[in-house]
Structure formats: C-alpha cells, structure tokens
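Some structures to go through are shown next.
Look for chain A in each of the two complexes below; its partner is chain B in the first and chain C in the second.
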Partner chain A sequence: MTAAVFFGCTFIAFGPAIALFLFTIAREPLRVIFLIAGAFFWLVSLLLASLVWFISVQISNKDSAAQQKGLLIFGVVLSVLLQETFRFAYYKLLKKANEGLLTLSQEETMPISIRQLAYVSGLGFGFMSGAFSVVNILADSVGPGTIGIHGDSQHYFLSSAFMTMAIILLHMFWGVIFFDGCERQRWWAVAAVVVSHLVVSYLPEPAVRGQPGAHLRHPAGDGRLGLPHRRRLPEEPQALPHLQGHRLPACQPPAQITPRGTRSPARARTHTHTHTHTHTRSFPIHLLFKVNVFNLKAAGNSWK
Partner chain B sequence: MYAPPVCVPLLSQTRKMDSPSIRCSFHLLVCWLFVGVGCSSVEKKIYVHLNYTLPCVRLLNATHQIGCQSHLSGNVGVLHVLESEENLDWVLRSGLNPPYLVILDSPLFTRSIMMKLKNGSSRVAGVAVVAPSTNPPDGVSPHTNCPNENTGVYTEKYDPALAHCNVTVWNPLGSGLSYEEFDFPIFSLKDDNDTKVIRQCYMDHNRAVNGSAPQHPLCAMQLLSHMSAVTDTATCMRRSDLSAFSLSPGLDTVCDPLADFNVWASTRPLNNTAKGHKEGESVVVAAARLDSRSFFFDVAPGAESSVSGFVALLAAAHALRSVTQEAPPPRNILYAFFQGETFDYIGSSRMVYDMEKKHFVVDLDNIHSLLEIGQVGLRVNSSLWLHSDPVSRKNSSVDGEKLLESLRAGAAGLNVSLAEPSFSQPLPPSSFQRFLRARPIPGVVIQDHQSSFTNRFYESMYDNAGYLDISYPPDLTPEQQLQFVTDTATALTEVATVVARSLYAQAGGDQARLSSINADPQMVTQMLYGFLVRSNNSWFQQLVPSNLMSFLGNACRFSPFRHITHSTGRLLTAASIREYRCTNFPLWPLQMFFYVWVQGAAPPNATEREGFCTRSTVRLTSALSPAFDLQEYTSKDYSTWTESRWKSISGRIFLVAGHELEMLTLGVGLGVLITSLLLTYAMSAKADILFSSGREPVNATY
Partner chain C sequence: MNASDSEEDSYDERTALVPSENPVLPSYRPEPDLNPPLDPPTKRFGVSGRAGTAPVDGGGGGSDQEADVDEEELTLKYGAKHVIMLFIPVTLCMLVVVVTIKSVSFYTEKTNQTLIYTPFTENTASVGRRLLNSVLNTIIMISVIVVMTIFLVVLYKYRCYKFIHGWLILSSLMLLFWLSFMYLSEVFKTYNLAVDYPTVGVIIWNFGTVGMICIHWKGPLQLQQAYLILISALMALVFIKFLPEWSAWLILGAISVYDLVAVLSPKGPLRMLVETAQERNEPIFPALIYSSAMMWTVGMASPPEAQRSGQETDEEAEQSSRRAEPENRQSQLFPEDDLEEDRGVKLGLGDFIFYSVLVGKAAATGGDWNTTLACFVAILIGLCLTLLLLAIFKKALPALPISITFGLVFYFSTGFLVQPFMDNLAAHQFYI
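After this line comes the complex of A and B, so read on.
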C-alpha cells in the first residue's frame, strides 16, 4: 500500500520481539551471540527443508495437482520436524558449550543459565522465522496497491503482521518448554511442542476470506525455490480472467525510423521491459548454497 | 469442518501398527492437512498487469518537446471512466480522490477534452484511450493542419503568400494533438479482456452510488512510461555526448536521432563507388515516401498516406522492368523511397544534402525532372491531380510542360483522368519540396486530392487497411487472401500503370511501346496484403534474406517497411539470377549491382527453402538528418527530431486502500511497539519481584 502500511506492519510484527531484545538481551553480549546462533540454526533447518522440497518438486509429476498437494503437505511436515530437530541439536550444542564455557571462564559460576539460553534461543528462532514469514509481504506492501482486486479481504497485511507477532512469541515459548522438557526428560512436553507447532502451521488465516479446498498453484508455474507458504489466500475467482502480463519481446532491428522513431540495437536493450517481479526461477542445486537466503523464501511465509 | 475421506481404507490396510488409535489419529491429521492448502503469490493478488499497452512517447526537436511523460516510478491514479465532456467536471473539480486516471473511449479523445485535462494536470494522473476495433465514422487526425510547414520550400524567402498554408490548409481535420506536450502518460488499450477487467473494476468499486462518494478501496491504475530526455534536442544530445565519453555509470544516452535508410534503385546501373556528378547522365527521379506516424508509439499503418504511394511506385518499377531492358530509354530512371518524411523530411533532405556534397551517385545537375507519388489510394471519380509549384511555373528556365505531356501520354487510353489544381495552389507537403529548396527542377506530385487531403485519418492509427476498403471474402485462408485481387488493388494498379508509362515517356522512351507497359494487379494486391494486413506471409518470406526473417514475425509490432521495400524492390526492378551461391563476385561488377541471397520458397514436396541469389540495383542510403552530421542541433533548415529513450513501459491495475486504513495500520503498529516496549521495560525492571518465587540460583547446573 504505502510506507504507512509498511511501517505499521513491521512494528506490529516485530514490536514485541524488538522490545524483548532491547530490554533483556541487548545488554548481555553472550545472550546476543546465542540469539544469533539460534537464528542461524533455524535458517539451516529451513535450508535443508528447502533442498529436500526442491529436489522432490523437480522429480515429481508437475501436472498432477494431487501429487503437488501431497508434496506440499509433506514439505510442511518435514520443515516443522526439521526445525524441531535443529532445536534439539542446538540444545545439545549448548549443553556442551556450557561445560566448555565453565572451564574457560575465570569465575566459578555459570555466566548464563540453561533457562536463559532456552529463552534466548527460542527468541532467535522466532526472529528468523518471523522475518521469513513477513518480509515478502512487507515488500509488497510498499507498492501502491492493496489486496482485493480479485475479491480477497483488504486486511491481509494487518493479519499477516499479527500472525507473525504470534509466531515469534510462540517460538520463544516453545524454546523454553522444549529445553525444559529435554532437561527434565519430560518427553511429552517435547511432543506437545512439536504437535502445537504442526497445528499452528496449518492454522487458517481468519482475516482472509478462505475457501475450503483452495486451489494449489502450480509450483512449476513460477519455479519458486523454497517452500510455498500456506496462508490461505483463496484461488482466483472465475469472474476475473487470469491475466498474466506477457511482455512482447524487445525487437532489435538495426537503426531504422519505424514510422515512429529509431531503434538502435543498444537502444532496444534499454527498452526491454524489466519486470519487477521477485520471481526466482528454478535454481541449479549447486547454486543453492550461494543464493541469497531471502530468495529461498517463496511468496511469503515461514515454516512454523 | 474437514472430512477425512481416506481414513477408512488406510486403516484397513495398516499392518505393522503399534496401536490403531495412534495410526488413525496420524491419518486423521494427514487428511485434515490434505484439505485446505494453497500457495500463491502476494503480488499476483494485488496487481493485474496489462498486456497490450501502447504509450505515447516523447520526441524532441530544436525548440520543443512533444509527447508524454510519467514519473520515475509511474503515475498512480484512481480510475474514472469518462462518459462525456461534462463528466470532466468530476475529474477536474468535484471528485474527492484526486489524482484521477481517466479512461476514454476513442470518440472522446478530442483536442478540447485533452486540453482541459492538460490544464488540470495536477488532478490528472494519466489517460488511457480505448481504441475501437473499427474506424470512427468522422475523420480524426492528430497531426497538424499544415504538415512540415517550416521545412518545406514555402518560406518567407521563397514566396510569403504561399507560406504557412495561407492558400490551402492541407489537413483541415488536424487537431495537432501529436505535437502537444503532456506531463502525464497517455496509453492506448485495445478493447479486449483487459479492458473489460478495467471497466468491471471501475463498476464495482468506483461508481458513486446515489450521489454519495465512492468508498475505499478504490480501483486505481498505474502507468509507467518515464522518458529520459527533456527540453529539446540540443540538451539531450549534449547529455548523450557527455555519456559517451565519460566513465560514470550514471550517465546514459538519453535520446536518439530519428534515423534510418532511404531505398533507391535505377533502371540502368550506376557506379556506386563513383560519387558526385556523372557526365552524360540525365536522370528522372521517381519518388515516394515510406513512413507515417500516429499519436501512439509503434502504431503507424499509414495506409493512405504512405503505403498507397510507395506500393504504386513499386508496381510501376515492376512494370518497367522488361521494357527498360529491351528498349532502354535515353534517360535513366531513379526510384527513390524516402524514410522519415513525416518528421520534417528527414530522408529527402538527407538525399539532397548528399547530392549537394557529392556523396551520392548523382548530383543535382544530373536530375532532369522529378515525379512524386503522394497519396493515391482514395481516388474520387477516378481522377488524379497533378500538383506543381506555382513559383517554378513562373520561372521560364524550368520546363514543366514536358512532364505534364508525358503524364497525359501515360494516362491515355486508361480509366484515369488527370487534372491540375488551380494555378496558384502550392505543392502539398512532399519530398519534392526539399529538391526545390536546392534547385528549381521541373516536377509533379501526383495526389488523389485537389486541394485539402481526402485522407480523413492523416497520420492517425485509423489510417489502415479498413480505411482503404481492403476487404476479403470471408472464409479465405491467409494464403488465399494473399492472392485475392481486391478492388483497391485494381484501382491502385491503374495508378501504377499511369506512373510507369509516364516515367517511360519522360525518360524519352519510344511512345509506341507505352501501351505494352502494364502494372500487375497480382503484385499490387500481394504488396497491399503484406504491408497492411499481415507481413508474415509466404511471399514476403521468400523475398527476405534469412537474417531479416524476424522482422516479419508478429512479435515485432512495428511494420518493417524499409526492409521489405528493399527486398521487394530488389525483386521487382531487376532480373534475378538463380545461382547456387552469390559467390561469382569477380565476374560480376560489385559497384554496379547489389547481390543478396534470399530465402526463396520451399518446393512442393520439400521443407527446406531453396534460396537464390538476386542481382539488382537497389541500395540503401543513409537517412539521418544533416543537422546531426553537422552537429547543428538547433538548425532551422534541417530536421532535428529525436526520440527519447526509456527504461520500461508498463501498466497495471489494483485497489488502493483508504487513507484512514493506512493511518490506522501505522497507528496500531506504533501502539503495539510502544506498549511492548513499556511492558517489557516494566517487567524487566521488576523482574526480581515478579519472579521471586521459584527463583533458581545462578549457578545451578540445570
């Protein structure tokens, strides 16, 4: 929509997280480090899940909608499970690091307790997850238009921002519960975290006019890398034809006066319509690790 | 409520299950997940991109800039479909959500409405014109009343009484819109599905119901056509020259001179490497113009204004091909097709300049006379009008009578009547005027109008095949349409025959042979089909070399007049030699002829085309205004037209939210941020009080 919506949604989505960061984490360098490491672990889990998703989409039958739908569900479940696995891995790493830190530090007491680590790592997961969840939407919210021309609700940006805020806080709580469950060998607590994570991943968007059985867009249609989001934007209604801008290819004749003007070959290049879509075409696998992480995320949303 | 349809069969198939309840709940979960997933792009939900848009672009000359401009990131305006001129009041004064983007149907695209919009441009974000599929009943011409009035021969020096269309206004329907400057974008849309979407969006969201203001969200459109060049040619050429020499990445060439090539040919080959005056050569120049324009970029059918003329001349050249070999006339005939005549005679001024500077194969002294074919497609009462220059007629050294006699000889026995307009009428806008500026030469311009143009759509996008009444019976394949001889083609063939015979007579040929010279209606109809209906046809495909095939494809919206004229000219004016390759160069004189390998047709049972080599005297010569060679960018003598460059041109529609909603979002965001900051500060400050119970010691190994 405009800058007002952009800033409004950013503040809604990241407000509590920023507040928490500023007042509880920013002063302690150790906490900052563990926060960032937690964010990194989440990122790696998303990378792995994207890799698996990408490969499976490439080898799947692109024309079968049922197969694609199944693939999508598989992708979501895989991503959630990978995130929790990495949370567990981070927990293990932190336990080891704690012992190491104790031997290295001059003092006799622990500089940081495991509970603080749980909170900080959860918040780290939350930051990164929230960023991936909302950044694409924020990028589209800066433009002049708002959602609605195909009949969807206008409040999509607002509801996405609130959803992201909830996800960030949820990750923080899940971190605390997960680490506590691992410490005290309460495996049902760990299972509860995983299950609730799965549930939240499929929570229907209340603000968007959802239609059951929303149509699955063809992943090959725009070759997005990474997992597609699952916010339930409804399918294009039949009333409006599906209009895709096809740019006419820039013709490169030698300079001539078309009845209207010249076109030298160099000039034709400048005239090529540069489309501002942020589509990423299918990436070769060897480029996966070099690609900008923000491109990994498809139209918008994160894996909870 | 999601029904899990697949649960029951799965349950029955499970074999190694730990416990049925866990398995079933897992399947329930999967089934629940199966329904209700979707993925799509946020941007696709916001914007609908417009497929077919034609912008109006900016052109600059020595003193002005004309055309349209948009902001760097495009102009956004709330859609308004204009119903009548009175409805403009909503846009300009009373509407509550400026700026507006006005959608016009083409009958409303008039000078008065556009001028009003131009004056109220703070409230106007842009204009989109819906082009109809059939021509409007009344004439409309966006060109000026007096085309090329400052660069013709009729200046104050030559004859003040004839300058500036004092005697005849050539284009009375001209509104001059093409030469106005607008600071908002103006696009043309086809009347297709995209436009239906736009109208539907307007109906749904923007209509004022019962006099009350329409509610947000409103339907809006964004048009992007940002032009880089400003002010005038001198400024933009200076900036472009700077960018050529500097290494700074920010500087770019901002404009290009309108330039292309003229096509010329001669019946007797001329030595192309020996430029300047040719001793003993006396040449009759037969001229026509190749180009036209319209208000919008890349649309210029020019059926009556240019195609009729050069097709007639091409057909005349074809008719003369054999008689000029069997009984060559004493004088040479030089066919010249000029490019860029719409913009102050770019092509003809360049050729005259080259002749003066001895850069062309002949010079002005070699020219015996000149015959120009103007607009000849709409003959009323089968008459052709022979325009000549009154000032030259008074000049006794210029013998125009011989040319008129040749013309009358050429028209003898045909169904065409020749007439001359009134004695004191000047020449219409024509390339001949540039020759007259240099040298008084006898010459005639053949037109189908006596005084003002009969062309009601001069330099307009409606000057198309439909206007010339080129129509085919229904149910013909494109191949059959190509071969079908229309009435228009028959009429134009008569003109071509007159021209051919007159040229032969003027060149001194034997009068007895005149009746054997006839233009071929099949050739004429094929050319008309190719230039006006569909250029990607089998005949054109045979004529072009393979590297020019892409110009025939419909991917390029502009029609490749110059290329095809070159190719057809080759085939029509010269004998073609079918050799396997054009390689016997040492045996064939290169400076006299031009050789090119063309694609040819595929034989009936094969798929590969059999190309062949053509030898002709058809060549290209530069059509860049001398002002750019001389770097006189403010020249008054030569054309100084340039076209701006641009980065991208696009349009899209979407909804815009109300200002209140945006501010609400921002307010909520700020509120959430401040609340969370306060809460967190409070909680962390009082953390020891809040979390006093169950506080663990800091050194717990837990």
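After this line comes the complex of A and C, so read on.
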C-alpha cells in the first residue's frame, strides 16, 4: 500500500517533468548541462533566502507563534524574490556566454538558442524546486505509518504531489516568459512572472488556514500525521492525546499481541463498558494504540 | 575490523594517489607548439595517469600539424559531450552508494572499529577533545596519503614496474573479491535471503574474475566502466563506514587542498610523476582510471609506446595492458572519424570515491534527502566547472577541489539553514 502511494505520488509529481526531460533534453549534452546549472542557481537562491530567514528567526522571539508565522511569510516572499533575481542573473550569464559558446562551436549560429535556454533553465529551476519540496514527503510515504490517523487530512501526500507537479511546470513556464520578457524588454511580462510566483507561493495558505487537515501542528513533524518523522522518534504514548473510548468502535482485541496475556473479548468488552472514561485506555484500545506506537517506534529506530 | 594488509594496499593504492592525481583529462589536443598538456595523473593509481603524457607530445606534435584547427574545433564541439560522459558515471556511482546507504543498514551502523589510519576515537565527552581527535586523524590520513604518493613516485622513478603492477593487482583483487563478498552478504542480511555458500562462491568468483580481466587486461568498454564504478562505490562505502564523522569531513577538505597542491605546484609529487612519464615516453600501467572514450576497439594489441596526441587520457590508459584506443589513433593520421574515436575523457577513480563519500555521508547522516540532492548537484556543477577550466587551460587539473568545496558548503548550509526553512514551509504547505 505504501509502495503504491509512493510510486503514485512520485509519478504524479515528477512524471511530466521527467517526460519533458527525456524527450527534449536528454539527448543534447549542452541542454543537460544548462539544466543542472539552472538547478544550481535555484539552490543558491534558496540558500541565501534560508540564511536570511534563519538569522531573522534566531534574533526573534521564538515563543510567539504569530511572529514565527510572520517571519515564515517574510521568508517565502524573500525566497521568491531571490529566485527571480537569480533567474535574471542566470539570464545575464547566458547572454554573456553567448559569444563563448559561439567560439566553442565554431559555427555561425549558436548551438543553443536563448529560447531553448529559457526552457531548460526554467525546467532546471522547477526540478530543484519540486525535488526540495516533495522528496522528503515521498520518502516518508514509503515507511510505515498511517497518514491522517490523528485527524489530519488523508490527502496530504496526494495534494503535495499535485502541487509539486504544478510548481515544476510553472517554473518552466515562468522561465520561458521571463527570458522572453528580458529579451524584448517587456518588463511587464517580468513583473507578471514575479507577481504570479508570489501568488502561487502564498496561495495554499488561506486555503489551509481554517482546516485542521493539511496543516501540521508542529512543523518538523512529530508523528502527528501518523508518520514517523525521518529525523525523530515519535513521542511516547503519554504525550499523545487521550483517546475517547467511545470514539473508537469496539473491536475484537488482537489476542496475539497483548502484553498482558490473552484475554477473552467478552471480558474486554465488559471491561470497557463498566469503567469510566479514565479507563478507556485499556485493552483493546490501549493495545491498538500500543501496536501503532510500536510500529512507529520501530520505524523510528530504523530511521536516522 | 581493522584494516587488513590488503585493505591497506587497496587503500593506499586507491586513496594515496587519489587526491594528488587528477585524472580529469579532456581529450583535447593541444596545438603542436603549445606545451604538451600534463596528463592528468590518475589520482590514485599514480603510475597509470602519468605515463601517458610523454608519448603524447611527440606523436601528437607531428600528426597534429595538419589537423590543428580541425582538432580544436572538434575538441571544443565535443566539450559538452565529455561533460555528460563524466556526469553519467559519477551519477551512477553516487546513486549506488546512496541506495546502499539507505537500504543496507550495515554501512551506517555505529562501530568501534576504525581504520588504522584514524586511530583516535570520536566518542569523547567534550567537543574540544572530539575536534582535536578529528584533526589528528586527518593529519595521519593525509600523511599516509602523501607518503604513499611519494613512494609511488620513487618507485616509478626507479623503474620498479613489477612492484607497482603487483600492488595494483593485489588491490583490485581485494576489492573485487573480499569487499564485494562483504557487500553481498550484507545485502542478503538486509533482505533476509538465505543463500548457501557454494552459490555465493560461484557468484563472487565469476564477478571477481571477470572484473580482474576487464580492468587489467581487455574487455568490453561498458563492462569495464561498470566494474570501475562498482569498485569505486565499494571503496566509498568502506570509507563511509569506517571513517568517524568529523574526521570524514575534515579529511575530505584536506584532501582537496592536497590535491590542489600536488597537481599544480611545481614540486608536487603528481606533477613530478607526470613529467617523468613525459620524459620517458612510457605507457601507463593498467591503472584505475575511468575512461569514457566514445569508440572503443576491443582486443587490439597495443604497441608499447603510444606516441600520440595530446589525448592524454586515452593514451595513457590504453597502453599495453588496455584497450585499443591508442592503437587506433596511432595508425591513422586523424581522419575525421578517428578524431571522433579519440575523444574520451578520463577521471581518476579517486575522484569517484571521494565524491561518493561526500554524497554518501550526506545521505547517511540526518536521513534527509534535500541535503543529499544539494550535494549531488553541487558536485556535478563542480565537475562541470573543472572541465570548463580544463578546456581553457588544457593541462592536468585536480578534479577534487572545486567539487568537494561546493559539496561541503552545500552540505553544511543545507543541513543547518535550508532544512529548517523547508520543514517549516512543508508544514504550512508553502511551495516556493
């Protein structure tokens, strides 16, 4: 099941981009090089934006959630602006390298036109942006865990995959429009790219603000989505919310897993019914809980 | 397991010369009147890289005259193709290492065993002590490498070819048989497959024997390339397992610096080796350089000297023990298709190994894919820049410094700066 989700989301996120790469770019070495250079430029822009954000977080009030949120939005805006700046810088670099390429190829015309460069550089930006956004989520989707078990949205993986695909294709389009705008001095096109990038980056925010679903409570993931975070062990059961006994259906206890020895279902049922709220964490619910946590813990142990 | 002798040999062979030699050799032909480009010394396998330069000059000069301009053009035209021809094996090697690290937990288990080259443990209480131990480990490792390189230069100078031959064969024997057996057994353990010893024996025997033949004698190009990638990956995995954390990063940095010094400074051991090989006009030993020539004629006997062109790399490796490329070149005087056949770039296996160590360590620590991706892109861009410089300067250049510097910068910055940022963004589903 998890393998299906993993492959499905991977192909959703990267399918069109990989198809574009295979059919139009893979055969031409020069285009591949410029694609990777585009990816590198995006990476550098992200690095700078993260640096600024990190410094701003360090000097801010870490306890105030609103301030952190504000800083994050500032970070997003800054990152978008830096990405577009680096796109412009890449454009300038490519223009400057025109003569060099002409000399290298000893031909009258350039081996690669500025439009092709716009396309591959946009796709390079897109690949890197998409990969950075989604690859950790994909890695989490392989592992044991249940998405949405704590009440969050079950469609986190799918929506992330679709969003990534959209972002990759958008970066490619933005690259083409941006370079064309720079070539023909159409600055409104460049401005449109920047504005639309800002809009797209900020877009999910209002949509998810009201929903408890897609919004992780703790940014780094503490198992709240039902996933063992790649870098942390899930919290001990005591820290997780107290489950209401009546919310879960009475189910047959998995007799083979009980740590306290097997109990008959009948006895367990009476156990649940006759005890108060505080005892709802008994068998079988407690065991379900334990089993789940055990799985998470085991996964967490094998995780780094 | 402390390093055994064979591992020492292998280590020495592979790593001692690796940093110093920079086997990035483009197949550019120099102008006849230009100084012959130094063959990029094969990093590790010192002798291999160097010997090829000498013949290059002599033969190259004569034949080059008529095809100077054509050669330049064609050389430059294929520059991008060479870059891709190196991107693919480097990517494959890194991919093998990363996939192994992520799936086989053996290579990331904490172990108290270390190589004897890094005797100081990092399990100390204080940060200062740990840093001190790492620095000491690095100093020891780099000294061993320097000593081994100088030893090889001395051996080569005094023509102890048999010794070098034996050393290389012993190293590749150890890699191909013992390390691959270890790898296979760990893979079986990970996937809980029960395989009997006779089967494993047959598999390892076949794998190793074909590998020895392909690498040291003759074989199909792609099979040889595959074997070189595999043994580089195996060696990188050994380093990832047995080098302590901080020491590994310091060693990577120090080796890039040493590489730079050894190849570019006038008294550097690698440079001396190259010059000696040039003086003697000698072929190279079947060293472990990855060669990616476009066309490969298999099984052609090669005359002992390769006088040839500026294609350092191709010629060097080819020599007596290897493939037919030099022959090809020598026979004709550069008709167009021959020029195309000659194109090929070489990169020393040491570069492969240290690139893979960097990416593998990024994958092993933190379990975070963003860092791994960032290091991967950084290394590829570094390689691209190095090849660009190679095209400009047309002489042997160290392949480690730029890539490793980018890789280290991106590893630490992605790990500490970008990752929290991306985590926060993912939590709020911002897509930038």
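Assume the second predicted complex is superposed on the first by the 205 of 304 C-alpha atoms of A that agree within 3 Å, B and C clash if a C-alpha of one lies under 4 Å from a C-alpha of the other, contacts with A are read in each partner's own complex, and residues count from 1 in each chain.
FYI, a residue touches a chain if its C-beta (ideal position, glycine included) is under 8 Å from a C-beta of that chain, and two chains touch if they have at least 3 such contacts.
None of the values given here were measured: they were computed from a predicted structure.
J.: Which of the two partners, first being chain B and second being chain C, lies in contact with A:L72: first, second, both, or neither?
T.: It touches chain B and chain C both.
J.: Which partner does A:I137 contact after superposing on A: first (chain B), second (chain C), both, neither?
T.: So A:I137 meets both chain B and chain C here.
J.: Return the chain, chain B or chain C, that is in touch with more residues of chain A.
T.: B
J.: Does the superposition put A:L30 against chain B (first), chain C (second), both, or neither?
T.: It touches chain C, and chain B stays clear.
J.: For A:S121, is the partner it touches chain B (first), chain C (second), both, or none of the two (neither)?
T.: neither
J.: Contacts for A:Y202 in the overlay, against chain B (first) and chain C (second): which applies, first, second, both or neither?
T.: The answer is both, since A:Y202 touches chain B and chain C.
J.: Between chain B (first) and chain C (second), which does A:C9 come into contact with in this model arrangement: first, second, both, or neither?
T.: Touch status of A:C9: first partner only.
J.: Quick check on the output: what are the common chain A residues between the chain B footprint and the chain C footprint?
T.: In chain A, positions 69, 72, 76, 136-137, 202, 204, 214-216, 219, 230 sit in both the chain B and chain C interfaces.
J.: Quick check: in the complex, which residue numbers of chain C touch chain A?
T.: Contacts found on chain C: 72-73, 76-77, 79-81, 83-84, 87, 105, 108, 364-370, 373-374, 377-378, 380-381, 384, 410, 413-414, 416-418, 420-432.
J.: In the complex of these two chains, what residues of chain A are touching chain C?
T.: Against chain C, the touching part of chain A is residues 29-30, 32-33, 36-37, 39-40, 43, 46-47, 49-51, 53-54, 57, 69, 72, 75-76, 79-80, 83, 103-106, 128-129, 131-133, 135-137, 139, 159-160, 163-164, 167, 200-202, 204-205, 208, 214-216, 218-221, 230-231, 302-304.
J.: Which of the residues in chain B come into contact with chain A in the complex?
T.: 2, 29-30, 32-43, 45-51, 57, 59, 76, 193-194, 197, 200-201, 217, 219-220, 222, 252-253, 256-261, 291-294, 297-300, 302, 306, 339-340, 342-343, 346, 550-551, 555-563, 623, 643, 645-650, 652-657, 661-670, 672-673, 675-677, 679-681, 684, 696, 698-702
J.: Spell out the residues on chain A that touch chain B in their complex, using ranges where they run on.
T.: Touch residues, chain A against chain B: 1-2, 4-5, 7-12, 15-16, 18-20, 22-24, 69-70, 72-73, 76-77, 108-110, 113-115, 136-137, 140, 143-150, 152, 154, 156-158, 161, 165, 183, 198, 202, 204, 210, 212-217, 219, 222, 228-230, 232-235, 239-241, 243-246, 248-249, 251, 253, 255-264, 266-267, 270-275, 277-278, 298-300.
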